[in-house]
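Presented below are the structures under discussion, each in the form of structure tokens.
Two complexes, one shared chain (subunit A), two partners (subunit B, subunit C).
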Partner chain A sequence: MFTLGSVLDNELKSSVEDFSFETEFSTNQLMLPNIEKPFEFAQSIISLEKDLDENDNQPMFHQQKKEERKERALIKGSKGTTTLAFIYEKGTVVAVDSRATSGQYIASQSVQKVVPVNQYMLGTLAGGAADCQFFLGHLGRICNLYELRNNEKISVAAASKLLNNILYSYRNYGLSVGSMICGYDTRGPQLYYIDSDGSRLKNSLFSVGSGSPFAYGVLDAGYRWDLSKEDAIDLGRRAICAATFKDSYSGGTVKVYHIDENGWVKISDDDASELWYRYEEKEKKNK
Partner chain B sequence: MAGKNCVAIAGDTRFGVRNQTVALDSNRIFKINNRTLFGMTGLNTDILTLRESFKFQMNLYNLEEEREISPKTFAHNVAQTLYSKRFGPYFITPIIAGLEGEDYTPFLCATDLIGAMEFPKSFVVAGTGEESLMGVCETFYKENMEPDELFEVISQCLLAAVDRDALSGWGSVVHVLTKDGITTKRLRTRKD
Partner chain C sequence: MDSLVGFVGKNYVLIAGDTNAGRSIMRLKDDFDKLVPIDSHKILAKSGEIGDGNQFCNLIIRNVSLYRIRNETELTTKSVAHYTRRQLATAIRKNPYSVNLLLGGYDKKDQKGSLYYLDYLGSSKKINYGAQGYAALFVGSILDRFWKEDLDFEDGLELMKKCLREVEKRLIIGTRCFLIKMINSDGISVVEKVMINSKNKNEIEEEN
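Presenting the complex of A and B:
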């Protein structure tokens, strides 16, 4: 299938003298299998329900029947998640749940959906877990090399652009990455949304995953640029908690991170259900 | 689940549309009479329709026969009603639990959506989390449990299975039926 060995080999081989952008951030490192119609095979390997729902506007090789594709999928994708991030005056808040489902079976309640890129940048994981983990880890390596070579920290905009270009080159391979690159650099708190379709969007708040509509409801209602640190963290936590309650495919634990000029810090890690009961009690007391 | 001269039915109370949870208090377990409990899973509209349909049929039975229906007869009635819609079925999986006869022997019955009955001696499961439920029940079930122990076991089975199924949870209810009556308790489940 995909050979990962070639990635590491390439990086080790490129020495300082031979430095060039082509080998440094070389994009075609993951090989396709040597069969006819490799793209079709690559895309049919993993079945994620969202891919199978829309048959409109698909290129030629996508026009197989839904059922055929589902049967041929060798990996049953586990998805279903809620991740959110927003920037405000004092930094960036990132909040995620920790459930992975394959179909309706809860595969795990303890997935790490936040991957540190470096000390002041976090990436979130949504869609294919392996895809996100690999590419965010790869991004971390690239950022590290950049820092060593240029003696300055890479900006969030540049890091997200690098990842975007890499993912764009794997555009039709059937990857599924819906990641947010969140950080704090010389321009202040920054947030970019990166997609495996090749989109890169900049905004002050994002939510990704099956539970994102429910998280947006709470997030949009409470968001202001001039929130205090405590209120911002609470907003992120409440939004994920609401999403875990409403969405069946989100749940587990709610993890909240905060990024400011000193780097990222994990603020809290609460059980989603316990949090919900706690909020319910608080509301009753307030009434 | 069946115990010693007692039966228990437990179920969750979530009503959802695909991934979204809409209501937390949808009751799917109904009392037919003092000897019979009837639970259903599946399409909510069919559950509501059949609840009314069976209530109507049981009322008529009581008036005509001038006695309470036995669980076994009720189970056959359910199967008959479901098969009558063989080519346009109700999308439900019913479970009937009751105490049969003078000596209150436990009676369990499960059918599929078109009325194929089976009468297991130990436990029956149905719903989106039925595979998880089957596993947990198989592990924790033992014969001739007293009502208190039966309540503990069935509660733990339900909670464990429901935590592994994304589409179940958000509240649950357990009914234990003995010759003295029905005790109903609500369990605190995960709300995610």
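Presenting the complex of A and C:
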């Protein structure tokens, strides 16, 4: 529906006029249909799950439009997935499920929800698959260019800030991205959560998606900074397993990755349902 | 869901904000600093959407820095408040920023602290005491009753804790952790990171 081109964001540019130096990072490259009010058109056909709930901080006219949007929604975005990541003493652990659903239909059980940005950074995918894949791939290109131009590895903070600024400039266009940028750089293991509303948060553990409350339960209960590598990977795997057990929008296979100073490595890829019963067997044996 | 409380005392300004960052019912981060320093003697306390807050505060901070570099002089709190209000007002009908702010600052010239209340709609008011978010409902009356002009720092801190205790006690959404910052002639300093725990009606414990 949308093709790449260029559109001028006059308001954004005029308010930062003082800072106008051209960089390829500061472009707003989405072309909208050639009609009178393209921005409102984009808003009118896209509805996100969160828009259907009460949103206290939205201005009045946004709330009025919400009702119209609900009725005319042709594209529905929801973050039906479970992804998690956490940092600990020896690196970063990233664990994801691999189910894609469209309504109640399971579209695929083998989706790649982890996109490598470069050798030492991974991005996770939650929300709209196309949006996430495109923007994370784009981030990979920008990071590569940065390395070539500046002859040094880009930090996770800088990469996440670049993605954040790009997504912020598209914040009312109906994108659905709930991504985590996980990596290891000179400051150690780093983890940032990036959202399509423009939020960027740094913390030691995050879980994103419809199954995230379930994953948080297991993760918060077992997390410590000084975990061993084996225990950390097991914690990530168990948390996703628990989420796939409870959440119908998560399932498929559980993929676990580990990032340390040598880069990222895929640790395991297990079927979620088999994994659950394997853990049950283990518990029985331990008793 | 964000709570910000601030008031002006004798040669200082105290501002407190809760440290939660969340999405719908989930708390994503519980050590989130909402009291952003604009320069050495001004704080912009933000509440509302995280993304808008980050980007808007960055906009203000960088433009204030640019002014300082170009003109070799610091802006007063009043000027920054007016500039911020103007940015919010011009954006509201085009590209609204969903942020409500408390701007606190100390001016060396006047040797006085000042506090401004700024709204996402572009309203701005110089206040002696005030709050943003749900905290405003509970804390407004406490400040009306107990705030006096030229409060000492100890009395001011006690009043602030009284306000935060009330927020923790009555707001059903759990906000236990607050960060209190002070601005005075020496600049910005973190006073306390308070975790409030009201176990029963009469006993109230605080842990730092």
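The working rule: the second predicted complex is superposed on the first by the 226 of 287 C-alpha atoms of A that agree within 3 Å, B and C clash if a C-alpha of one lies under 4 Å from a C-alpha of the other, contacts with A are read in each partner's own complex, and residues count from 1 in each chain.
Just so we're on the same page, contacts are C-beta pairs under 8 Å (C-beta built on N, C-alpha and C of every residue); 3 or more make two chains touch, one makes a residue touch a chain.
Keep in mind the model is a prediction, meaning the values are calculated, not measured.
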| item | value |
| --- | --- |
| First (subunit B), second (subunit C), both or neither touched by A:Ser212 | second |
| First (subunit B), second (subunit C), both or neither touched by A:Asp197 | second |
| Of subunit C and subunit B, partner touching more subunit A residues | C |
| Subunit B versus subunit C as contact partner of A:Ala272, first or second or both or neither | first |
| First (subunit B), second (subunit C), both or neither touched by A:Arg171 | second |
| Subunit B and subunit C footprints on subunit A, overlapping residues | none |
| Subunit A contact footprint on subunit B (complex, rising order) | 16, 19-21, 128-129, 132, 163-167, 170, 188-192 |
| Residues of subunit C defined as touching subunit A within the complex | 1, 21, 23-24, 26, 28-29, 32, 48-52, 54-55, 59, 62-63, 66, 87, 90-92, 94-96, 98, 120-121 |
| Footprint of subunit C on subunit A - complex, ascending | 11-12, 15-16, 18-19, 50, 53, 56-59, 62, 164-165, 168, 171, 193, 195, 197-203, 206, 212-213, 216 |
| Of subunit A, residues touching subunit B in the complex | 80, 97, 99, 101, 104-106, 109, 210-211, 214, 244-252, 272-273, 276-277 |
